[in-house]
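Have a look at this one.
For reference, chains read A, B and C in written order, and residue numbers begin at 1 within each chain.
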Amino acid sequence: MTSIGTGYDLSVSTYSPDGRLFQVEYATKAVEAAGVAVGLRCKDGIILGVERLLHSKLLVKGANRRIASLDEHIGMAGAGLLADGKHVARRGREEAASFRENYNSPVTVQILSDRISAYLQAYTCYGSVRPFGLSTILGGVDKTGPKLFCIEPSGVYYGYRAVAVGKGKALAKTELEKIVNKEVEGQTSLTVREAVSEIARIIYLVHDDNKDKDFELEMTWVCEESGNKHAPVPADLLAEAEAKAKAALEEGMEED
Amino acid sequence: MWKQRSPGQSSFNDYNTFPLPQTQRVQPSYAHGPTFHTQQPLVTGTSVLGIKFDKGVMIAADNLASYGSLARFRDIQRLHPLGQHTLIGVAGDMSDYQWLQKELDALLREEDALALTDSHPSLSPKNIYQLLSNLFYARRSKMNPVWNAVLVGGWDKVKAESFLAYVDLLGTTYTAPTLATGFGAHLAQPLLREAYEAKAGIDGTGPLLTQEEAEKVLEDCMKVLFYRDARSINKFQIATITAEGSTISDSKSADTYWAFAEGLRGYGAQTQ
Amino acid sequence: MALYSNAPASYADHTSAPIEHRFNPYSDNGGSILAIAGKDFSVIAGDTRQSEGYNIQTRYARKVWQLTDKAVLATNGFAADGNNFVKRVKQRLEWYEHAHHKPMGLKSIARMIQTMLYAKRFFPYYVYNILGGIEEDGSGAVYSFDPVGSYEREACRAAGAAQSLIQPFLDNQIYFKNQTPETGSEPFIPGNLPLSTVLSLVVDSFTSATERHIEVGDGMEIYVVMNKGRTTDDLLDKKKLGPGMEVEELGALGEGGGERTFLVRAALKRD
């Protein structure tokens, strides 16, 4: 943290001499502290998964979900400050509804990403505000097909084949790359149904048992099976995937 | 630096990035002149009928939207589902109806989106009816009515019973096992009540009509309305709402009999 | 006249004025209500028919509402206004209870209703209200209102479509109008009739109104509010009730101060 004490990290409207915005960089630190969030684009839909870390045994099961719906066909997984995620989700819903109102058609994932990105970017321009401590994975199926985007606290966004943010994103990314490479090499391309167990496996793999206590696996998809609507992955399918993921993890441990 | 405004405070929306409700549009009042409220309906739909049966409720409406006495649009649907277990049938001004559709669909879409996160129960038919009642009464109280009469049909999942109720542009509300709007209140309601009470009795404690019987009496009523309501058309749909959800039939027509018209004297051109 | 007009009289013909169509925000939904106060009880009743013109909209719509353990309100006129007015009254009573940790008393409810009605003096609730219940001193009371808030406490009041049929009957039976006591006997005092007599008067009022007024009928709901400690035998004795009449006690809304409210239902003719 070379920036500390230099005075260039006090306001988001002040650059450091080498052209960085430290407050924005600190915001990404908040993202890195969050449980991992993963998005995967398959040929027949998209799937979102998060590792919801449980900071207390007293929490209600299934509460404080990190995946939100922005429209019928678009889901959002947030990594970072939970409350920032709620705020951005709300803004996203308003943008999606406003697009429908103005154009009488569902917003595409790209346009919605662009709108949210512009909103986040505005919070990197003024001294009176702080940037969002949040990376947003946006996934959905629109008229252009299945689409996946990730918007960072700076407001920058990219389209992805697969993406991971949060704690342990590096490991998750290498696992995702294996899946994506297979398809690039023309071997197999995953269906969302197959991807459910892959995402579960990756999240279980990335989860650090030593550092973090319990977690709940949260997974949603948009695909033909869900009527091209953003919906939770069916409970039985999710349970099956979790069981497989746990088994694979134990198998891996025995090999070590 | 301290003089800069935060996004929420700026007097104009520099980057189009501020929260939507705060977006300020430059609209000087003189640019618009006086505001006008709906004072009369223009393109209208006629009667809507509703009846409860043993497994749910049915709502019927024809496919015509009239422009005065002109049969202007002859293939419009006046039955509209709201979620899984609620459906409305709408008479009156069709532009107000389309506005209503848009508003309610947007509301339900937001409800669905929020339900994914907090898994709250979906709006019951009663919830939607209360919302409509409040909306219609609030608008009539602003002397800016939503010019419709609406039947709300539904299935209450919690009570496991059917729901049928009426609300109109005055905010008047009521519920009954058979309902009809407009001309239907004069021509069809007596027939519906007769059929309903024949089985259920006047206290409604007996058995209700079966689905087939209910559909039959609705088809009869739509025929009677077509014979005598000049703003109707012999092309209608029947919606059925049960515990399994709502379905809307394809458009159908009643078998009509006009041979007697040959014998009528006193109307139109005649040779003798 | 020619001195004062500079145009021929025919120009003033009112039939040539443009006909203005304007949205009418009101309707009349028929029906009738009535309330009678006793010494230690109050009876508030209404029929259940809701109509518009010659159409019966429904055979069961409520016009009488239990507000607190000792107050019942009957509304009559434009049903949409009635329902929404009751909704607002109930909301105000809830706020009062939250603020003061006690339910609002009857005379205060009456004054509040006047204020709420008068607040809409220039776009009135087209509703005639009759409030019945038990006063703080334990006496049965009836308050009647006009749509813009004029009100008074009375021994009895009828309102609605059949007001003109029922009120003269009540004037005679409750206020003893056009009756003279037998020479040497006590003078009449209104508001002291026994409950059984009052119930008969209510039932007779509605059955008669049903016979002669098309907007009255289908069913009748009679609320009886009794002061604490009062006997209920004269109401709950099955033999005293007419055929087809059913009584149900409505549980206390609040903590229960001892007052008891009963709902008597009876059928009226449907034609």
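One rule holds in what follows: contacts are C-beta pairs under 8 Å (C-beta built on N, C-alpha and C of every residue); 3 or more make two chains touch, one makes a residue touch a chain.
Worth saying up front: this structure is predicted, and the values here are computed from it rather than measured.
**Q** Measuring between mean CA coordinates, which chain is farthest from chain B?
**A** A
**Q** Hey, which chain is the most central one here, using CA centres?
**A** Central chain: B.
**Q** Just curious, how far off is chain B from chain A if you go by their C-alpha centres, in Å?
**A** That pair's centroid distance is 41 Å.
**Q** Return the distance between the CA-based centres of chain A and chain C, expressed in whole Å.
**A** Averaging C-alpha atoms per chain gives centres 62 Å apart.
**Q** Measure off the straight-line distance from the CA centroid of chain B to the CA centroid of chain C, and report it in whole Å.
**A** Roughly 33 Å, centre to centre.
**Q** What residues on chain A touch chain B, complex-wise?
**A** So the residues of chain A in touch with chain B come to 11, 13-14, 62, 65, 67-72, 75, 89, 91, 93-95, 97-98, 100-101, 118-119, 121-123, 126-129, 220, 230-232.
**Q** Write out the stretch or stretches of chain C touching chain B in their complex.
**A** So the residues of chain C touching chain B come out as 21-23, 25-27, 29, 50, 52, 55, 57-61, 78-80, 83-84, 123, 270.
**Q** Looking at the complex, which residues from chain B come into contact with chain A?
**A** 1-2, 4-7, 9, 15-21, 102, 106, 109-110, 112-114, 116-119
**Q** Mind pulling up the chain B residues that touch chain C in the complex?
**A** 37-40, 137, 140-141, 143, 145, 166, 170-176, 185-186, 189, 202
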